[in-house]
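Labels A, B and C are assigned to the chains in the order they are written; within every chain, residues are numbered from 1.
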Amino acid sequence: MESLRIIEIVGTAAFSIAGAFAAMEKKLDVFGVFIIAFITALGGGTLRDVLIGKVPVNWMLDLSSAVVVLITTVTVLFFKSVIKNYHNVLLFFDSIGLGFFTVVGIHTGIALDLHPVISISLGTITACFGGVIRDVSLSNIPLIFQKEIYATTCIFGGLIFFILSWLGVPKMPVEIICLVSIVVFRLLSVRYHWHLPTIYKPEQPSS
Amino acid sequence: MESLRIIEIVGTAAFSIAGAFAAMEKKLDVFGVFIIAFITALGGGTLRDVLIGKVPVNWMLDLSSAVVVLITTVTVLFFKSVIKNYHNVLLFFDSIGLGFFTVVGIHTGIALDLHPVISISLGTITACFGGVIRDVSLSNIPLIFQKEIYATTCIFGGLIFFILSWLGVPKMPVEIICLVSIVVFRLLSVRYHWHLPTIYKPEQPSS
Amino acid sequence: MESLRIIEIVGTAAFSIAGAFAAMEKKLDVFGVFIIAFITALGGGTLRDVLIGKVPVNWMLDLSSAVVVLITTVTVLFFKSVIKNYHNVLLFFDSIGLGFFTVVGIHTGIALDLHPVISISLGTITACFGGVIRDVSLSNIPLIFQKEIYATTCIFGGLIFFILSWLGVPKMPVEIICLVSIVVFRLLSVRYHWHLPTIYKPEQPSS
């Protein structure tokens, strides 16, 4: 359980940073930056816990996640004048959060004895929906619906997780390989504009 | 219970199709199309179940809904080049889902012994909110807030349901009359741009 | 408990009015106005109750909140031609709802023995999220993310609440001072465009 808690804290910090930069792109005030960082970091896990009925949600009972968000936001605000390109920092930390939170979400499903397909869905929800709520709140088009591969990396990472587990690889290497694959794959797909082959003909009139 | 399950499956399939076409209008990749189909088909029922506390929500415990969404989405992707006007197909299947899911939601309220007004609300939430989440995710103005009659047909259908039940009409005809009325009424209101009488004077400066 | 129920009803009525005017700004039909009034008035409390696991949510078991929304919406529709500036009325009643619902949400946290920081968060969620859901549904930028001070007044009011309580001030004066401070502070910040000191340099290229 120890390694999972560390993974969760790293993911929380990464998503707080991504959220803080998204809020600063929109010139929100300090409280707005904190609120968006909080929503980004805890929104996906909150949605997951509400869907499985684990309420009151964990951040109400244990303040440590809120403290992580607070520390990261203050750090971001402190170093923000050093950063030139907010959007690239956002994309970088969002990718890290994506990998770490997918692993956390998959474990939630396993702990409830849910089907692997649903466990992968819970990983994807945990990883993706904090960012969706962030983007909808800021009136941005959610990253998940943009051209580059996004949720697909979580599903792909989840498959790696279960295949390695079935092959008998121990828990910690499985977690590390799963999260590293997702982070690397997502970063590469942003960097090189990877996307799934299009299903639309160039000239197709869609409406 | 059997007839209700069939109604739910038909509604799920209809909303998946509507969701898939909404996603294809926005040129999402295959996974995006599947995720939007899933959200549209299961979002309303998920919100309903979270509000009444029926968690873990059903699609986590029983994969059949996810399978219905998968099959419908694959079918849609297969036949998509035959379709000329995505938006009309979307509106057609959205209307069907609206009727079928209103009946499902009303039954949830009845099973919990809730007041008919709340049961009709649950029917409306089940029927309307998958589409609202779909439209907000895709940065569209939700159909429910557009000019043509939408949620009103669910309320109207719910009234028919309870009036017929009070008159002693058996369960299955009540369900069929309720859902057919909603589908037909919604389709006609789209086709002929029916809307409630306006409450705004033409020249009124609203702000 | 009596005073808290009165505070909740006043807050519900104020947010219904704010919601109804937001919907009329967008020229929604009568049912749209009612639905948006309902979402605005009950959305924040519903999110809070789902997060703490108090389900089925209260408005399903007790129709009085729905009746308050219905009466207020009908009244608004009746008097609407007298009103010149919808947006100012919206901002005025939104401020009143903000103060009253913060107190209601703080009490929910106290009743669950949650940490004061989390109780203040629950107050802020109860007060702010009905408006967020309203604004996202209507494709407006949420008030909470606009320039003037918004969520910050709830946090500030929550601090006053706990400081006065620790000083031994009795419950009712604490509630009244807390809610009046929030309403007055928010109204002043709208009127005089108060905002937190900016953290952005004027020339900063943010992306």
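Descriptive notes on the structure:
Just so we're on the same page, a contact is a pair of C-beta atoms (placed from the backbone, for glycine too) under 8 Å apart; a residue touches a chain by one contact, two chains touch by 3 or more.
These figures come from a predicted structure and were not determined experimentally.
Arrangement of the chains shown, judged by which pairs touch: all-to-all, with no pair of chains left without contact. Rounded to the nearest 5, the angle that brings the Cα atoms of subunit B onto subunit C is 120°. If you average the CA atoms of subunit A and of subunit B, the two centres end up 29 Å from each other.
Residue numbers of subunit C whose C-beta contacts span two or more other chains: 50, 53, 136.
Interface of subunit B with subunit C (complex): residues 50-53, 112, 114-115, 117-118, 121-122, 132, 136, 141-142, 144-145, 147, 149, 151-152, 155, 195-196, 198-201, 204-207. Residue ranges on subunit A touching subunit C, taken from their complex, read 24-33, 35, 46, 50, 53, 55-57, 59-61, 63, 66, 77, 80-81, 84-87, 136-139.
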